[in-house]
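These notes are about the structure you will find just below.
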Amino acid sequence: MFSAYKDTIEDGDLVLGWMTRTAIKPIVVEKKEGLFNTRYGAFPHRNMDKYGAQLGSMSKQGFIHLIHPTPELWTLSLPHRTQIVYTTDSSYIVQRLKIRPGSTVIESGTGSGSFTHAISRSAGLAGKVYSYEFHEERYNLAKQEFERHQLTNVIPTHRDVCNDGFDIENIDVNATAVFLDLPAPWTAIPHLERVIDRSVVSRVCCFSPCFEQVVKAVQALQEAGWVDIEMVEVAAKRWESRLEMKRSLDEAITRLRDVKARRETGLAKRNARIKVETETGVEEEESDERDAKRSKTESGHRGYNPWGKGQKIKEGDESFEWTEVSKCEQEIKSHTSYLLFASRLPKLGEEVFDKDMCVRPYSE
Amino acid sequence: MFSAYKDTIEDGDLVLGWMTRTAIKPIVVEKKEGLFNTRYGAFPHRNMDKYGAQLGSMSKQGFIHLIHPTPELWTLSLPHRTQIVYTTDSSYIVQRLKIRPGSTVIESGTGSGSFTHAISRSAGLAGKVYSYEFHEERYNLAKQEFERHQLTNVIPTHRDVCNDGFDIENIDVNATAVFLDLPAPWTAIPHLERVIDRSVVSRVCCFSPCFEQVVKAVQALQEAGWVDIEMVEVAAKRWESRLEMKRSLDEAITRLRDVKARRETGLAKRNARIKVETETGVEEEESDERDAKRSKTESGHRGYNPWGKGQKIKEGDESFEWTEVSKCEQEIKSHTSYLLFASRLPKLGEEVFDKDMCVRPYSE
Amino acid sequence: IFDNPRIQPNTYCMVKLPSENFRVVKLIPNQTISIGKFGSFQVNDILGLPYGYTFEIQEDKRLRIIQEGVDDHDYVVGAKGALLEPEETNQTLIDTSESQTLSMAEIEEMKKQKTLSGKDIIDHVIKGHNEFHKKTAFSKEKYLRRKEQKYLRRFTPQPMCSSLLLDFYLEKDYKKVLDMSQEMLALLLSMANVRPGGKYLVVDETTGVLTAALMERMAGEGLIVVAHENEHPNLDALKYLSMPTELQDRMIKSINWLQFFEPEGEEEVPEKTPEQIASMKPRNRGAYFRKRNRWLELQNVNDLVANQGFDGLIVASTLHPASIVDRTLHAIGGSRPVVVYSEYKEVVTEVSQLMLKDLRVLAPSIWESRVRKYQTILGRMHPSMTSRGGGGYLVHGTRVFPNEEVNATQ
Amino acid sequence: IFDNPRIQPNTYCMVKLPSENFRVVKLIPNQTISIGKFGSFQVNDILGLPYGYTFEIQEDKRLRIIQEGVDDHDYVVGAKGALLEPEETNQTLIDTSESQTLSMAEIEEMKKQKTLSGKDIIDHVIKGHNEFHKKTAFSKEKYLRRKEQKYLRRFTPQPMCSSLLLDFYLEKDYKKVLDMSQEMLALLLSMANVRPGGKYLVVDETTGVLTAALMERMAGEGLIVVAHENEHPNLDALKYLSMPTELQDRMIKSINWLQFFEPEGEEEVPEKTPEQIASMKPRNRGAYFRKRNRWLELQNVNDLVANQGFDGLIVASTLHPASIVDRTLHAIGGSRPVVVYSEYKEVVTEVSQLMLKDLRVLAPSIWESRVRKYQTILGRMHPSMTSRGGGGYLVHGTRVFPNEEVNATQ
């Protein structure tokens, strides 16, 4: 599922049932008896044929889209999204750690396992992802999920890496990329030396919400011989495109002229009526009140109404002019965590140097 | 100058000679003999009549605009702009510190005096700005400038406030707003108690580039009884509007079709020629080369050229379609300083409390 | 000048709640003000006290003043103590709804017991949470903050000002202030060089918050001409400021776009002689003065328009701003700022493009300012995890007089 | 698979200089490479060594490896020591050009003396600066960094990769990569779900950097079809990667828009019988195979187009992207990502608006990601004072199949 696309949905396949942007539910297809019940209607699994299809509910009242999982969409479908590494962070981490097909990666902790999916995808079937989790229940859940999702390159381990390190019995981990999402990364950093590949450049990223954690991690990295230590933040914003009605100044003036004319007409009428009323002895106050009400109705939406005030206008309605604008999401994630990167350069053999610690002079 | 606008330029007035966005020079007008020499030409002061005027140079080769100073434009005209408080920071500080007409403000250090101008403007003639500077030369320069600019509400003081505090002999400072742009604000904070107005809410802003400075300042503020301590950052971006040419897919296809047709025509001609050449014995290679050159010319800008390639097109040229876009400045100021705000609540008289430290029960 | 450091009767006041939300209340003496689930307090108890203090509502309705660092942040700052150890891990935490041994009904019952303070309830809730001690510092912090927001019966009166009005409308309905952030308002005021004595032509679709901010910066001197598209401008927000009506009447003049562009269309109200006035019925006399003053005001505004008498053009409008700038620029004095705010960058881009082509404006630039707030707690400093998107954009240019002779040769 | 941890002969290499600038060099054995004012080095001296180490050019041209924390940041990190005390003030500093007692000529002379290292020169310059000890920590830091950039004869070879290529083009001419930042490239690769074995339809106007990044993520498996508007696509950047030509030929296929939309216009190259081929002149035989292969490739691409065979559409183009999406969407498989990058938000907004109206795309969103780097020096941590503006935007949607029956009733 996560290592290649399918077109046809078959029994046992994972489908994301897309109702809205914020309501995406994973479905494991059982064509015989499966039924996906939502507030948009019921969807029998037997109707799920094709990834990408728009599927009508049994009652034809609603629909969903049948979406193929990707690590990014999977992240969106998780119920508890507070602990996850967002795509803007995770994509940057993958690029900076140079996680490529064939890479060996360490991740700790596993957490919800959502970032593990992204690393697994990028490391490919030729790569390996060692994912450590100290919380037993979370470890078990993640392990089951990785199996269900056939992330065959992921090796989950139940471990407190801060105390017990990253070594795995009988396995030479030899990682080139390390991601530490731990409350106290500085306690785990010294253990890395044993499990990174010292014949090439290794890279680490510590993911910490607080500044003070970063400071301690920097110290630990320096002490452990890591170089090119750099902290960054990723600031992400999502936008939606929209159409805003273009209201012209001339229309506003025309409308004011119209309102004025109608008020004056009303006033003239009113004066005429007052004259009549005075003659007939009807109280002026009462009539004033009536006039006020009437003029309110008149100056409502009956006159020149260039922008459809009081009407229900659909965005983009061709009777009006529109401006294309972009609108930022209402609430932005202004901070996820600080990202602290560092590299560990490979060991140099002694043969490289001469006695002055200079690179051995070149000889043909 | 800085407390009200003038329309007419008179002797002794300050004019900002605006050449470009990055070349703005202050001029003190001496109508008799003054001459403003620039690479855009020479501009005799006697021609400077009106603020806002576009003034041609003597040789009519160039022009400048005669701009009325404001604190913000003055900031732009300073030669050394590394030490200044940028307008996006300064405007926010003024708003958060509630600097209003009549406010008494403390500023330390004076620095280039550019922020002093903004505070002075906002505090108005009814307000006071006590500005402290420890660097004697800078103090002298600023003092002279404030006098020249008639910032009559500014009281500059040469002082190391960290060691010597803010007291001024025979003056009851009683400030309600404090701005500290110092390397070690925590050393100055304890001195504030003596000079802030304890009958109302006082507000402070510490402006520090490094995180570690902020941490120390937070400690000092807490110890000195300040509350509502909040650190913020101001991120500013400047954009320019631009027109980008809209290049349609159909035009691209038409162009490719045109190129192909002309190549095929060329090819047909060439084949015909080869036939002739073979008969006449001229070398094929030579002819190939000639053809290559010719076809290069042909496929250049002679054919269908929907976007004016190779021509000099002015942005917005009406022969083409354009999209209105905004472009961020090439280099943004991604950090100026951290802004640390806090409030000092007024002293409460004992009469406010009852014995349980509750507000005295209400009695008619 | 309309700022009073002490809480005054019959004024509006912002009340900050533990949830960080604001509520606007009018302080009518002898009344009781309910702040929802946070309880209620007597207006008289806070009158005359300074703004800014946090009060806790006691079981007997009396108010106790909270001292920051002592009572306040009991749990959060108290984290310096033993409660929150940042290096703890939550290795063994199993957080399900069963972890809380207190039932909703029990908690509700506690809330009704007036002898328990919010702090007491939180203590009980924590004790009832089986797994609390296993949480990491961060989840403890989050959990406690959520509980504080739910149970603490505290409130902080703050004086009304343009910044709080923005916060208030942004929360209620951000369209009412065109999504304008405090920092963008602040930037606008500086870029427009607002100060006492200025004369500003203003288009204000921020329910009057922009005009309120100008009033704060002008301190009773100068003129604000509000141009608008309806019969009256919507400056509702002004009512929340404790500003004398006389001052508003003197400084704020309104004119609709028809009156602005077609002043000749307004019927003149000719001056009457003292004799004529003396002979009027009192009711008619009042009407005459009102109309006559309104007429004189309009003439005054039209004089400013005709004589480039404005010290700045400030536009925050959904009515096509590019046209507004194009057609009102002639009223602005030389070297004065022109500032246009919009919720959308696309709108200010269009204005900027127009200004770039218009020789009457120098150096238009689009500005965006965004403030990022931090959780400012020693040992656990970090930027706020979430914040409002948006905030708006502005374009600033300077009104200049093109020199035709110069531009012909360029 | 084309990453080699050791420096290889005849490959391109990025050389980082003390000024933080990059230079691209080709490592031809036995040659000397000049890195401008920083000196020059022998290619052979670094061949076979790992990337990432920093070398200092000695007076005798030999290279010394710098150890970070020992040799490196001598002054800047050394600031932990006595040199820079952060609480110092510059109260008495008078910094004029006279403060430096060394003349330009003297400094130039020192630079020519091969026995002096960059560090020695900086030491001299500092000693020659009368007022240096009076500077604040910050100005010392800034001053030293400037001098380091000027005098240190150091360089760091880095392996070529898409990220460095972006840095390189952004500095040289950002238009060549459409102002794309590393974080936006990274986001694009994730949103497009790029992985080994995928088949992507790509419009690449980033001089091939985008294609290079795809190649890195695909490791030799899958297909990249590059659609373009000229006779050949511009994928210049690929040449800098040490990637076998065979691999490129196998994985990257190009097609111009005319061939894409009017495949019938291409003249068929019919298969010849073995006898026919055997009877051809060798030169003609080569031409036949070339043309025939090209023809088969085009048929293959057209088959993918006709059968919704692509696993993603990735557009980074200045040719009207909304039309490109509209008219190529039919070629993309169900539930596959559609990702469009542009330097301008206005352009992706238009694409997003089109997608919103097009039932073939689900949930289009515009994304902006901006990385902020910090000066990561303990005791003086702060964000970089300046950084590049721009970086670009992308819109992401998912290709779906509208159900006409369902949409008719909605």
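Things to note:
For reference, chains read A, B, C and D in written order, and residue numbers begin at 1 within each chain.
As a convention for this text, contacts are C-beta pairs under 8 Å (C-beta built on N, C-alpha and C of every residue); 3 or more make two chains touch, one makes a residue touch a chain.
All figures in this text were calculated on a predicted structure; none of them were measured in a lab.
In terms of C-beta pairs in contact, the better-connected of the chain pairs B-C and A-C is B-C. Centroid distances built from C-alpha atoms place D farthest away from chain C. The geometric centre of chain A is 31 Å away from that of chain C, both derived from CA atoms. Here the spacing of chain A and chain D, counted between their Cα centres, is 25 Å.
Within chain A, contacts with two or more other chains are made by residues 211, 237, 324-326. Multi-chain contact residues of chain D (touching two or more other chains) are listed as 345-346, 349-350, 372, 381, 383.
Interface of chain B with chain C (complex): residues 3-5, 7, 18, 21, 50-56, 60, 63, 65-68, 70-73, 87-88, 90-92, 94-96, 98, 100-102, 118, 121-122, 124-126, 199-201, 211, 214-215, 218-219, 222, 227-241, 243, 316, 324-326, 340, 343, 345-346, 348, 352-354, 356-359, 361-362. Residues 86-94, 136-138, 229-231, 256-258, 261-262, 265, 318-320, 323-324, 327, 343-347, 350, 372, 379-390 of chain C touch chain A in their complex.
Residues 1, 3, 5, 42, 44-46, 49-53, 55, 58, 62-65, 68-69, 161, 163, 182-183, 185-187, 189-191, 193, 195-198, 216-219, 221, 311, 333-337, 345-346, 349-350, 352-353, 356-357, 359, 362-374, 376, 378, 381, 383, 393, 398-403, 405-407, 409-410 of chain D touch chain A in their complex.
Within the complex formed with chain D, the residues of chain B that make contact are 134-137, 160, 162, 183-184, 187, 209-213, 237, 244, 246-250, 252-253, 255-257, 259-260, 323-336, 338.
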